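Naming follows writing order (A, B, C and D), and every chain is counted from residue 1.
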Amino acid sequence: MDPINTNHSVDMRVTIGDLQLGNPVMTASGTFGYGREFASLVDLNRLGAIIVKGISQEPRPGNPPPRIIETACGMLNAIGLENVGVERFITDKLPYLQQFDTPVIVNVLGESIDDYANLAARLERVEGIAAVEVNISCPNVRKGGVAFGTDATMAAAVTSAVRQQTRLPVIVKLSPNVTDVCAIARAVEDAGADAVSLINTLLGMSIDIKTRKPRLANVVGGLSGPAIKPVALRMVWQTAKAVAIPVIGIGGIGTTEDALEFLMAGATAVQVGTANFYHPTSVMDIVDGLEQYVHEQGMASVRAVINSLQV
Amino acid sequence: MDPINTNHSVDMRVTIGDLQLGNPVMTASGTFGYGREFASLVDLNRLGAIIVKGISQEPRPGNPPPRIIETACGMLNAIGLENVGVERFITDKLPYLQQFDTPVIVNVLGESIDDYANLAARLERVEGIAAVEVNISCPNVRKGGVAFGTDATMAAAVTSAVRQQTRLPVIVKLSPNVTDVCAIARAVEDAGADAVSLINTLLGMSIDIKTRKPRLANVVGGLSGPAIKPVALRMVWQTAKAVAIPVIGIGGIGTTEDALEFLMAGATAVQVGTANFYHPTSVMDIVDGLEQYVHEQGMASVRAVINSLQV
Amino acid sequence: MTEFQEKSTITLRETLTPEVIRLTLKAPKIAAAAKPGQFVMARTGEGLDPLLRRPFSIHRVHSDGTLAILFKIIGKGTRLMAEMNPGTALSLIGPLGKGFNLDPQGPFCMIGGGMGIAPLYFLAQTFRQSEYRENNQPVLLGSQTQAELLLLAEEFSELGYSVLTATDDGTLGHQGFVTELLDEILRKIKQVYVCGPIPMMRTVALKCRDAGIACQVSLETHMACGLGACLGCTFPATGGGYKHVCKDGPVLSADEVIWTL
Amino acid sequence: MTEFQEKSTITLRETLTPEVIRLTLKAPKIAAAAKPGQFVMARTGEGLDPLLRRPFSIHRVHSDGTLAILFKIIGKGTRLMAEMNPGTALSLIGPLGKGFNLDPQGPFCMIGGGMGIAPLYFLAQTFRQSEYRENNQPVLLGSQTQAELLLLAEEFSELGYSVLTATDDGTLGHQGFVTELLDEILRKIKQVYVCGPIPMMRTVALKCRDAGIACQVSLETHMACGLGACLGCTFPATGGGYKHVCKDGPVLSADEVIWTL
């Protein structure tokens, strides 16, 4: 599990707000558990950052099964934001991650502005958290998620509430289920976000024609994986032109080529999601691949790739 | 090319406004040319309806190449609405189609409300047109398309303009690139649409990392094919609950199972798009397959499938 | 617990019926670490469709670093795998999950229905090498028809087990449910190991509960990761909430889950 | 024009180089109707990834209802096809497009670069059976290195053509561009047939224009349908607008298109 090209002395650092990352490859929330689940397959020290499963104030049991369904080059999930809650996260999950050099970013979710503010305040008092990613976009929970992420005013309100409670870098994670993602991105930028990450999942559905029932117990779920990559890349490109803060690209990234597309489109960093499931070592392959690309192109740093698209 | 089950006497008819179709399987605009292109592979008489390539008042040369790119289980297109214009459509393309029993639906597009109104008025005076499908959703042309389809007021304005010029059934084709497709659907229903069809393509993008240029000359294009099916199905299901007029399902349909999912979700009919490219006989396979399904289930008519989802 | 990702190579392909295939795969790290009841996640090809890995019980383990999986063709993933020939590479992750409790505390019985038979063979193999190596322990195997059962029944017999079979069509053994064979055995045993369709496992679980006998079930749910990360593989747990089949299972004590599903 | 959709079967697989494969396919309807310069759209597998069919020139046609395609491994579609063995089914649609003008009006020359050689062999075959069956007509073939050229050059020779070769590395024939071989021939001929990379075809097109010689080019563009329906396969046309390569071509007169691309 050693990097293929340890001899490259390539500058892979990127900066998100006050946070400096060793490289631009992170794990997307909800697809890498609390890190430990991948420890025997992935060298956690080699990641740019680890973003953990979305955390709420109280533990949540999540939705009834079935929760996941495969679709053409993608998958639908309706996990229902199952998580251990912020207190158990701090006591049971975080200590393990603190033994690594890799920054830990906590994805937070709530059903009210207060929820978000309280979570931010609670995490502010904890050592070893590098940033907060605010999930305003999860489509699986009826209250909360959808409304915040699809309305610029609400999105801004959540952002300022979190901003007021923490000095940590605040990344706001945007929903793709909107007419104008740039408007939302600008709103959260104005409200004090240090960065935006996108996209979260596209709202989708699947039906079992044998039973004539939805395949997911929750009826609708979030579409992720290679299928959504073109939509994600378009939104990242549009958003990177619309805001001055860093943009983190997410959606269907599984290879070095995918990651390069997002960086060229203007992303400062990327998150790997569904690919962690079907190819758990892809995060490391992408770190190696980017390093090799930067080296081969004779670039001074990976930062030279960012926004290098010629339109 | 005979149907597999000619002996089934199955009632496959469905009704869209005043228009009765022999079966619920149509070809999606822009994916079946003007019909003739498929004549040696598909028995045009067996289709529920043929929807031709979008027509504008004047001929349009379309976008420069490259115009199409394959993506994971999908494709991006930026054809740029190339078409022969309404007059040459009437003189050169329509007569061929009139020799078949199959209803011909004309997909229209414009850059102003007047364009749409004029096209509707022009087609109203022509024999052999069964309905008009109003494309307010094409993402490829900077003016027109995007704005009409993503704003309820504008969408309604186009719909009433067309409505006032024609007694033909008016189908309004909706864009998926919106926060709330139901709001747009209700607006065009109130403005006099006889039916809505959805979804048009999702706006996407792809980058050639070798050249660092967009793969499509137009930079962004429309994503279609199996990749988008879950999103399309979700929108059709939501829309069918939101409006009283028939909903026509489109998006990634390539098999009988796909078509059944859309009918169960509330679609009165379906359109087959990208599948015409990779499997040109799929429209006929789906007609056969639906017939067989209705027969095997002992249903009185295919209409019993519509909206049969148990949530 | 340590999982490995191995690029395994198919060394043997056996066609038990046109629908049931057994693949033997060279995967030395996984084979060495595997315990009965654990599973692997297999990638069914290079492409992105099918996207997700497929879970398969570890069916046999051999001392030459190979392991076998036994599967039925269900959909597109298993169809692709069924067409693979020796020499083909198959990416595996494993061994995954919590296997069977290997201390039955006395006489035991294994019950397998359909492809649920797969993990039981590895369990049977393992008991042969343990203190529970007495002959003629009962093994109940059920399927629709004899074709997919013949070879497997013989293989359990060869290990020294006393095999009883049941088929839906009566072509082999008892005609009817394999669970019907359990009644006479129940009072002689302390522990049941069962894997098969949910209705079958429920029947066995309830019979064991009534008889006060321990029952271990091996569950199936849709899985995206097999690693405990996606939280997709839930099964309702006794006392509220959910078990995650890939981590808490696939083998669970029957009383840990709710059988009303 | 009538197109057919045929489930063809691979009857022969030849490996010209590790990267260049020739498949012979039983597709009697398409083979019977095919004309030189036409192409087929091939589905590369059963799954949805890759989604679109791939276009390939018809390389040879045989009287037993088979045809051959010759291709290089480029991406995932051709990689899948390269692994297919005799007996495998491959869905083909064809024959598609407008082929070569079969009346060269006098002595002619064929020029093929890389896989552009594929359609020229069918053309060469056809001329053998026409009034243009004189021996020693020039055929210029170019590639990076000798490996992919050796067998093909021999096959053209066997048909009675006078083959000149060029390779980038000089391992066979002239070292350099195949277009450099054209100059001495130009004044002896009335028509050029060319297929290969765009820069090569442009060079040939311009030389022919300057020499006042007719030039037919066989173009490549991305194609979704091959049937004239998607309007994706455009090439800028002289005098404005676009040619649709699948319907107006793939063979066009060099002066019908703009070579500044």
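What we mean here is this: contacts are C-beta pairs under 8 Å (C-beta built on N, C-alpha and C of every residue); 3 or more make two chains touch, one makes a residue touch a chain.
All of these numbers come straight from a predicted model, not from anything done at the bench.
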Chains touching both chain B and chain D: A, C
Most widely separated chain from chain D, with each centre as the mean of CA atoms: C
Which of B-C and A-C has more C-beta contact pairs: A-C
Between chain A and chain B, centroid-to-centroid distance (C-alpha), Å: 35
CA centroid of chain C to CA centroid of chain D, Å: 53
Whole-Å gap between the CA centroids of chain B and chain C: 47
Junction residues of chain C, two or more chains touched: 48-50
For chain A, residues that touch 2 or more chains besides their own: 72-74, 225-226
Arrangement of touching chains [line / ring / star / complete / other]: complete
Chain A partner contacts - residues on chain D that touch it in the complex: 48-49
Chain C residues touching chain D - in the complex, by the definition given at the top: 45-50, 76, 80
Of all residues in chain A, those that touch chain D in their complex: 72-73
Residue numbers on chain A that touch chain C, as the complex places them: 30-33, 37-38, 40-41, 53, 61-62, 64-70, 72-75, 77, 79, 82, 225-226, 254, 274, 276-281
Parts of chain D lying in touch with chain B, wherever the complex brings them together: 1-5, 43, 48-53, 93, 221-225, 227-236, 240-242
